[in-house]
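Beneath this line is the structure, given in structure tokens, with notes to follow.
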Amino acid sequence: MTATGVVVEDTGHGAAEAHAAHVTSTGLSNVKIAMWAFLGSECLLFGALISTYLLYRGKSMVGPYPKDVYDIPYTSVSSFVLLMSSLTMVLALAAIQRGDHRRLRVWLLATALLGSTFIGGQAYEFTTFYREGLSLHRNLFGSSFFVLTGFHGAHVTIGILMLLSLFSLSLRGKLPTSKAETVELVGLYWHFVDVVWIVIFTLIYLVPSK
Amino acid sequence: MTEAEVVTHETGHPSEAQYVRVALILAGLTAVEVAVYYISGLKKVLIPILLVLATTKFSMVALWFMHLKFDSRMFRRLFVTGIVVAIIVYLIALSSLHVFS
Amino acid sequence: MAVRRRTGAGRKARRAWLTVVVGLSMLLAACAKNAPQDTLKPASPDTRSIDGLFWLTFWVAVVVFVLVEGLLVFAVIRHRDKGESEEPVQTHGNARLELGWTIAPALVLFLLAFPTVGTIWRLARSRPNPINVTVIGHQFWWEYRYTDLGVVTANELHLPINRNVRLTIKSGDVIHSFWVPRLFGKHDAEPGRVAHINARAERPGVYFGECVEFCGLSHANMRNRAIAQTADDFAAWVAGQRQLPAAPAAGSDADGGFNLFRTKGCSGCHTIEGVSKGMIGPNLTHVFARTSFAGSTLDMNPDNLRRWLSDPPKVKPGSKMPNLGLSESEISQLIAYLETLT
Amino acid sequence: MSDVAIPLNGQRGLLHRPAKAAPGLWGWLTTVDHKKIGLLYLGTAFIFFVIGGIEALIIRAQLGGPNGHVVSANTYNQIFTMHGTTMIFLVVMPLSAGFANYVVPLMIGARDVAFPRLNAFGYWTFAVGGLFMYSSFLLGGAPNGGWFGYAPQTVKAYSPGHNIDFWVFGLQILGIASLTGAVNLIVTIINMRAPGMSFLRMPIFVWMTLVAQFLLLFAMPVITVALFLLMFDRLFGANFFEIQAGADPLLWQHLFWIFGHPEVYILILPAMGIVSEVLPVFSRRPLFGYSVMVISGVAIGFMGWGVWAHHMFATGLGPLAKSAFAVSTMLIAVPTGVKIFNWLATLMGGKIRVTTPLLMACGFVGMFTIGGLSGVTHAIVPADTQQTDTYYIVAHFHYVLFGGSIFGLFAGAYYWYPKMFGHMLSDALGKLQFALMLIGFNMTFGPFHILGLQGMPRRIYTYPAHRGWDFWNFVATIGSFIIALSVLVFIINVIRSRKTAAASADPWDARTLEWSISSPPPEFNFAHVPVVTARDDLWHRKYTEDEGGRAVPIQPPPPSNQVYDEFDEETAAGIHLPSPSFFPLLASLGLAVLAYGLIYKAWPVVGLGALWIIGAIYAWALEPATAEVHDEIVQELEPEPVEVAP
């Protein structure tokens, strides 16, 4: 659930009265605590999917097995792409914090493009595996692999949607510097999705199957 | 990465150069991971190395890119609680399902 | 201020105390006359040690129960507002008390932990030279295969007294749970997994049991019986089970039933040694020697057989055996044939 | 609430947003006021409580005597599954959410929750999820796999109909509602406390709600994954639970119970919080050992994650795992015991006003103790292999869930009813309900202990005669109808309460902030945000302690506006309140459309549902964040007038 629909009215420049609602007990912003709590609970979600994969590793009765289909160099490139998208994301955040809206749009677009490249890579990998006989129905490896990486892919796609929304809002002048926190939230979500892929890439692709 | 000239921006966030340097290190670690995967000599030690590398990359992205190093401890507490609960609970579940033996 | 009626408060407290006493007395009147699946009447060494553990925990619980409930009711009655004007002393806490009622329960539980863990490991240990029986749970009946003795039967597990019997628990479809309360604690029958139960009877008799993990429509009709016999009765039973049933005399009702068995499709699901190889339903080679059938829900007699054969799903909803639409005469012939399978 | 809708201040968002809460139905559908949402939660949950109760009566009628045939096997399986699922997901959780939504902001001195529209979305998703699951009765059969739907039994091969699909998607929707509610309440409690309200000055109900919401935050994703795996198995032919493909039948049990056990603490902690508020007020003394109560609540929260496999002692876990989980289950009894002793210490030496909330709270302490004790017997693994899956377990969880949560929630209902509705519930009828419920409850679930020990399995739609079960089953059936009678008495009490005298702001002479404002409170709660100086702040504005430690009213009595929050029309108008919005409701309905589409594999409907949800979320995000901002401020805002809520 990405849209937090918060009503922290932006006091921005010169709004007169400081309502008690905007002064928070910890001085931190509501939406940021909400996002970190949400990311904490997402750890449990991906943890369960990864555990299911680890449980069923080496238990498939029929092929194809991980060794038959995995193309490590290919996947490491797409991991690199996602890693770099974290860099462009954080540069985008730095840009808006400096008030440089043009540079913000450049880096947002770069992040969205890198994310799309990653998703394209995943889609290609899925079709290749599918052609090699691996499917949800084929064996335990097929089920657990596709559901885990599919869930991650869905999260990346939602991230790309949010990045493009930020880009269009910025184009239409609806993303002022005072709204830098919105970009930071999308950034946190994006880095989290990248961090989950770091774990997936190691545990699923690199650690050899029994 | 030197701790010293970290804070160049008045809101206490690292500078752009800092971000690029962290990204290069992460890229390097990924390359090391893939390289280690192919070195047959390290077969027995492969899994610990991979886990260490993955944890390093994980914490670097979290600390630098997600600003956990610079923001309030509240965020760190929320995130780390989720991670710790997940790791403990799923390790117990997987070990009772005899995945590791 | 809320209106306080002194008598109302007293009456309420007494009524609460009365309920607790009534509840407690009901609990103590636990031993109904004939409860064949009563876990409080152990009939094997294992269930006796479980029973011992239960009563130990029970009496500890009773002490805590009387202490806590007594204090609760006493506090409400003794310290109820009798209309005095002054307020009570505003005590905030007492570190020593807190420490006390943290350590004390922990200690009691710690003492309980030793017998518990000890019994867990003792019950899990495999016993010397057992009789091996594979128990397979199917949707809605239990199958037993005496792998060493070459006997296959259903619903009723025969075992000799004072001999270790090692049950290997499996399932052919969903998760069931095999349990004869007076002989052993239950263990789930999980498909794709193998589990073991150590059974041992001390006195001959019929011990009742039931499937105890929800497994579908007729979960309630998936019962079983364990028949403990003396060594020679058991040997006689095994010998009987190993004999092939004699073919029925030509031209008799039984012979008609025999033909119906093969033409109406019964042979496709049921195995009768030397006649058919069907693996879906129970083995019927010596079906009439059993005291119950249809998941041990019906006693073995011609009337129940007739009721079962006329419409099996009505007796056991969801049973895989369909309603074959047999006529009365066909059912009579089939019953005649089944009566020869002793 | 002023009836005149003040015109929006000229900031046209993507779509027009009503400025002020409209009266009548439209006001309720678009409300973002935490009090109205709290009442919606409580009302909807009470309706489901009555439905769940009727299901219970059907079960008891079927089992009243041997070979019962009131309902068929299939109907019985649907009824007992829906009774379990309803009572847990549609009654106890929403009742706790309702009280948390209504009372927590008042207790911490806040004007609303952190994310009002997300709060509305949480309620509507809960309501939609409940109705969606109950629509299964009309569309071919309700879920019939038990409230925890063990895997191989609920895969397509053994549960062919759509029954289990409704269960899977219903729980997914309810999961979204709980997760959004958890995030909302966590941020509210952490970040929106009144000045001076440190963590250790918060009421215990707020603490227990916070722990329960963290348990929800981390437990919901686990069952979401389990349900997704089952959905992929049933709809798309995956083989997570296909035994022939090598799947492990224990995967579902582990995933479900890793959620399942924190879930039962989610069900009990709020009720424990309510009891910790009620007992001090009616004993006229502070809660005994406040900090120990907080620590034990947090300890239960953490240890709740280490005990789940005590639901699986009859499976092939192996002696090592069984011993470990036996010990951890015993350990978790310690903090629970500490809480009970602290409640007793609060009562001991108090001046106890025996009113209905107090009796309900004492009922909680009494009955929950019995449930806790029978719970400890389940930690004894060998004994548990005789007790699990029998009516002994059914007795245990009814003593903790009904004897515990329901008694605690009724204590909360009687305690906060004057605050919510502005008039009192009759104490006499309340005590009648308490007596009937206590007697009926013990008559129903006491005998279950006996039936369980006599080997009666749970979830059997019928049982033969000559098992020794007939008498106690009959007693239990009578008891269940007495419980039904007590609930009827409650309904009568509520209906008749319309005509009772108006309640003052502080009818119980209570201790916490929600009693410092009028009953029912104005929409903005506090005209002047309270500055908190002590724990149980309201009590310390009225009483001080003499040298003997006894409480004595402060002499000379302080002016009433220093104790209670009084305000005039002018200050009330100046307070900015979040504006209503109908997009949360819209987004919730989208979830149901998506779920129906997936069940019947009607891909256009799935597409429609997905677009509907995305559209509703975008419209919600792009909605103008504010209503009537005063004119002189409008000019100073930047050129881009419309702000975006993140």
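The first chain written gets the first letter, and so on, giving A, B, C and D; residue counts start at 1 in each chain.
Keep in mind that, in the parts below, a contact is a pair of C-beta atoms (placed from the backbone, for glycine too) under 8 Å apart; a residue touches a chain by one contact, two chains touch by 3 or more.
Keep in mind that what you see is a predicted model, and the values were worked out from it rather than measured.
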Task: From the Cα centroids, identify the chain that ends up most central relative to all protein Cα atoms.
output: D
- prompt: Taking each chain's centre as the mean position of its Cα atoms, how many Å separate chain B from chain C?
  reply: 52
- prompt: Just how far, in Å, is the C-alpha centre of chain D from the one of chain B?
  reply: 37
Task: For chain D, write out the residues touching at least two other chains, lowest number first.
output: 190, 218, 222, 246-248, 250-251, 255, 258, 318
Field: Junction residues of chain B, two or more chains touched
entry: 74, 81-82, 85-86, 89, 93, 97
Message: Give the residues of chain A touching no fewer than two other chains, as numbers and ranges.
response: 26, 28, 33, 37, 40-42, 44, 48, 55
Field: Chain-to-chain touches, reported pairwise for every pair that qualifies
entry: A-B, A-D, B-D, C-D
Message: Can you tell me which positions in chain C touch chain D when the two form their complex?
response: 1-4, 8-9, 12-13, 15-16, 19-20, 22-23, 26-27, 29-30, 32-40, 47, 49-50, 53-54, 57-58, 61, 64-65, 68-69, 71-72, 75-76, 79-81, 84, 86-94, 97-98, 101-102, 105-106, 109-110, 112-113, 116-117, 119-121, 123-124, 139, 173-175, 177, 179, 181, 185-188, 190-195, 208, 210-220, 297, 317-318
Message: If we count contacts the way the header does, which residues on chain A are in touch with chain B in the complex?
response: 26-28, 32-33, 36-37, 39-44, 47-48, 50-51, 54-55, 57, 72-73, 76, 79-80, 83-84, 86-87, 89-91, 94, 97, 184, 187-188, 191-192, 194-195, 198-199, 201-203, 206-208
Statement: Note: in the complex, chain D contacts chain A through residues 110-112, 114-118, 121, 176, 179-180, 182-184, 186-187, 190-194, 197, 217-222, 224-226, 228-229, 232, 236-240, 244-248, 251, 255, 258, 529, 576, 578, 581, 583-584, 617-618, 620-621, 623, 625-626, 629-630, 632-633, 636-640, 642-646
Message: Which stretch or stretches of chain D touch chain C in the complex?
response: 72-74, 77, 145-146, 150-153, 158, 243, 246-250, 283-286, 288-292, 314-316, 318-319, 322-323, 326-327, 330-331, 333-334, 337-338, 340-342, 344-345, 347-355, 358-359, 362-363, 365-366, 369-370, 373-374, 376-377, 379-383, 385-390, 427, 431, 434-435, 438-439, 442-443, 446-447, 449-450, 453-464, 466-469, 471-472, 475, 507-509, 543, 545, 548-552
- prompt: Across the complex, what residues on chain B touch chain A?
  reply: 9, 11, 13, 15-16, 19-20, 22-23, 26-27, 30, 33-34, 37-38, 46-47, 50-51, 53-54, 57-58, 61-62, 64-67, 71-72, 74-75, 78-79, 81-83, 85-87, 89-90, 93-94, 97, 99
